[in-house]
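Chains here go by letter, A, B, C and D, matching the order in which they are written, and residues are numbered from 1 within each.
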């Protein structure tokens, strides 16, 4: 594989040669049912940052634009308002479809990028193949475990860190989990926008075999891109390359994990419902944790 | 009230003079917990229609526009794709914020429209006040109960119909329910687009006291606007006027209820997670039913 | 007229009760022909600033957004590129339609704003009524005449200043002229963006009778809004109120007048060709001076 | 050159290895001055079709989208309106930048497409290199010369046809001319939209040496793409390939030539002022003919 080292990690063919859902196949009804039974208090958390012009956004993408059409008349005394929104599918809190990233002209499961990625949309592995991600969400609160307000730019989180943090939280990682890694970095978003957009702490390549051996459905974080780098744009995004393209795993980005962490809620029913956008490479989301 | 007759129905002031959430206040942790326990099989349903240029959309609104930025280079061998989406906040399957509709210059809870509805957004009752709607979803499958493929354009569903259908389905309507009314009209969407966009069957004004007395959180349907009319634009939208503006109840539109109906799933955990769009009058959604 | 003082200035009814072109009626073929004969050297000047995300734009308007669809395939070896542009009709160098500004619910020539200004567009006096403005352009280079690099924020230019400057330049103002006032303020755009967006030098209300008595077709400047104010948003825009709404005169904004000034070109054939945008309140333009 | 046959036609290097303006270099002050002297009557023609959602647009491109922000308040009694426009740079009546079309990874003058055409814009030969096209416009009214209302779909116009038509009109083609070819096809636009979007009459490859030998600056027509084809998308666009990429000549599309033809105006001062859009592959235009 030359300079891209995926350690032989792959889920290609595992769910058939035509599969376009990747790790979503792991979410059986049994897992969903067990996750629903995690709801003990009936407390609902929205894990979304505000979706707005000045919300978190990968540098280089255009800012969200919204105009409100106000005071449309309806009948003799009534009026309505509506908005036009212009945004990237990867705006604010969002998830990547497994067509979002690739190398060597092949998407997840071997589909050719040159045949399937077009100006009009992506023909395979697009977000429309994800009706929803519903399962057990696990918060690994690395910042709290490390005793810091937030990790530093460029600070790597390893598979061993994830294991130790889970153990300290008394959490056993299970097949089909959606793992949310809290670095504290979203606090930097409001404190120092320039720093937030210069790089980030996050998981590194050691996490890739861990994702595969635990059969994780998705991994998210409170930063732009889940993985670590010390400048933007980074030279490479090795976790994107392997997790999305080789393993068909969903990356979940710019999450707000502050309330879950404050309440020490470490496992919960997680419902992620991407917009059912035809042929899109991702979607903004409002992920809902129910504890 | 002159020509707008709301029968004295109002929730203004009920949750305080500054309340911007309306019926969402009804969803207590107890209700959420009970709804989660409705999950028996672990089966997940997306109730969204495809969100695309040719998806369901109120005539007069512009069609959704999407362009894909393909093959952005990242590192020596990797590439990524992303999309730009331009859409109304009321595109496809969507929910109305309780600032969406008003009369006599007053929004829900008495806020002045002339002060709060601006080209830059709506300052009160906007969708950002809805972190999520999580509770018991109830399907009232009127089309099946009436023994028709779909109701006819302009055919009204009354409060009495809702009661009889619930009774036939062995469902007791409860405080805090989110009620989804199936008219079968979404079948017309694929069969006859012109007819679909000419009017619709739906609930009429008799349902307003029913919504209030049952303390319903939201009411949805498989059509443009939940309520009945025989031409587009209709002369008035009386259910919008009273449900949104007087009662602070959420309207849920263009739902795909076919799979729930086929499986005869009449109660379920329902999770609706609008995009956390600042100052917007609504949001496209991908509602998730879990049974 | 209460707080809005238009000194009885009005062109309403002058060109008929249905007129939607205002001062454009002044441009007779005779004037066009004479203007064409001003071309002596055959030198062409574009008076447009770059139309781009970081170009001049009234604070509060969203920045222009452009994405390029690149490398669309056409045939065995050929490709093409195209762009999607999202912008305000009043972006960068632009002209105001005479429906852009009004007071007391009446547009130029007495049309009711409440009936003609809608979310879907403006039904009267929109930019589509301006096929082109072709006539004699006159540069009044106030900054050079005053011997300053640029006038100061909040510094007013009076009718008397215009007359003295014209006289110093040996220019006689004529019926049908399009007058471009150079304040030097566009130099501030590249030097100090924050100052540029805080207010501007420009003409004040004394110019309104001057515009009327000379029968000027349009007045432009190298700033956001032609007229003077010392903060943004200003409390009022009296020149907009009277020139656009009472006189039906065209305002021409964010012009680049540097090259004309450097060459001391004070009269020229001026061609302004707004996009033929149906029902729009203005258009970005690339004004062409030919000397 | 394999299947792309350009007969050795090329202007690469002619105006220097860094030139990004192509045939625009031909327009000397002398030519501009002579063109201005063609103005005899002072009559002004806008050659633009309406720029609107249902205006002429290459099938496959998204339709123009416009929303009007109405009734923004300014001061105690005044209001303003503005619009947001979303459009392709190749919307309605428009011109192609000479970066719009290429083959074998090389743009006009040999710049590499793979290095210069990006999602963020085109770095060479973009429309910003065209301050304006000002020169002699020549109408070759082929439909009138052939005695037909309009040519037929797929009907080719040859170099010989252009010569004969010019001769019949007593026009001598000169270096630096901008040639507008009237096929009558724009009449089909209002009569039969489906036919208009199925193909078109236009010039064929025989015109390429003619453009080169006459040193034409630009060639336009009253159709989508100047050149002939009998289906959309066509298999190839050979005139685009050679005129734009090999010769650096400007293509001018979807012109409204009806008024010029009705008045038998065959030569005129032509002013084309593209929006000064940074790094764009073209621009909508409102071309102005002055006779």
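By definition in this document, a contact is a pair of C-beta atoms (placed from the backbone, for glycine too) under 8 Å apart; a residue touches a chain by one contact, two chains touch by 3 or more.
Predicted model only: the values in this text are computed from it and were never measured.
Participant: Using the contact definition given at the top, which chains are in touch with both subunit A and subunit D?
Facilitator: B, C
Participant: Once you count every C-beta pair in contact for both, which comes out on top, B-D or A-B?
Facilitator: A-B
Participant: Subunit C-subunit D contact: same residues or different, taking over half shared as same?
Facilitator: same
Participant: Nearest 5 degrees is plenty: how much rotation brings the CA atoms of subunit B onto those of subunit C?
Facilitator: Nearest-5 rotation angle for the superposition: 180 degrees.
Participant: Express in whole angstrom the distance between the two chain centres, defined as the mean CA positions of subunit B and subunit C.
Facilitator: Centre separation, subunit B to subunit C: 45 Å.
Participant: Distance between subunit A and subunit B based on Cα centroids, please, to the nearest Å.
Facilitator: Comparing mean C-alpha positions, subunit B is 27 Å from subunit A.
Participant: I'd like to verify one number: the distance from the centre of subunit B to the centre of subunit D, where each centre is the average of its C-alpha atoms, in whole angstrom.
Facilitator: 47
Participant: Specify, in ascending order, the residues of subunit C that touch 2 or more different other chains.
Facilitator: Residue numbers touching two or more other chains: 62, 67, 69-71, 84, 86, 118-120.
Participant: Line, ring, star, complete or other: which one describes how these chains touch?
Facilitator: complete
Participant: In their complex, what parts of subunit C are in touch with subunit A?
Facilitator: Where subunit C meets subunit A, its residues are 53, 62-63, 65, 67, 69-70, 72, 86, 118-119.
Participant: Over in the complex, which subunit C residues touch subunit D? Could you list them?
Facilitator: My answer: residues 2-4, 27-34, 36-37, 39-46, 48-52, 61-62, 66-68, 70-71, 74-90, 92-93, 99-104, 113, 117-122, 128, 131-132, 134, 233, 235-237, 240-241, 269, 271, 273-282, 284-288, 290.
Participant: Using the touch definition up top, name the residues of subunit B that touch subunit C in the complex.
Facilitator: Of all residues in subunit B, those touching subunit C are 60, 67, 69, 71, 84, 86, 120.
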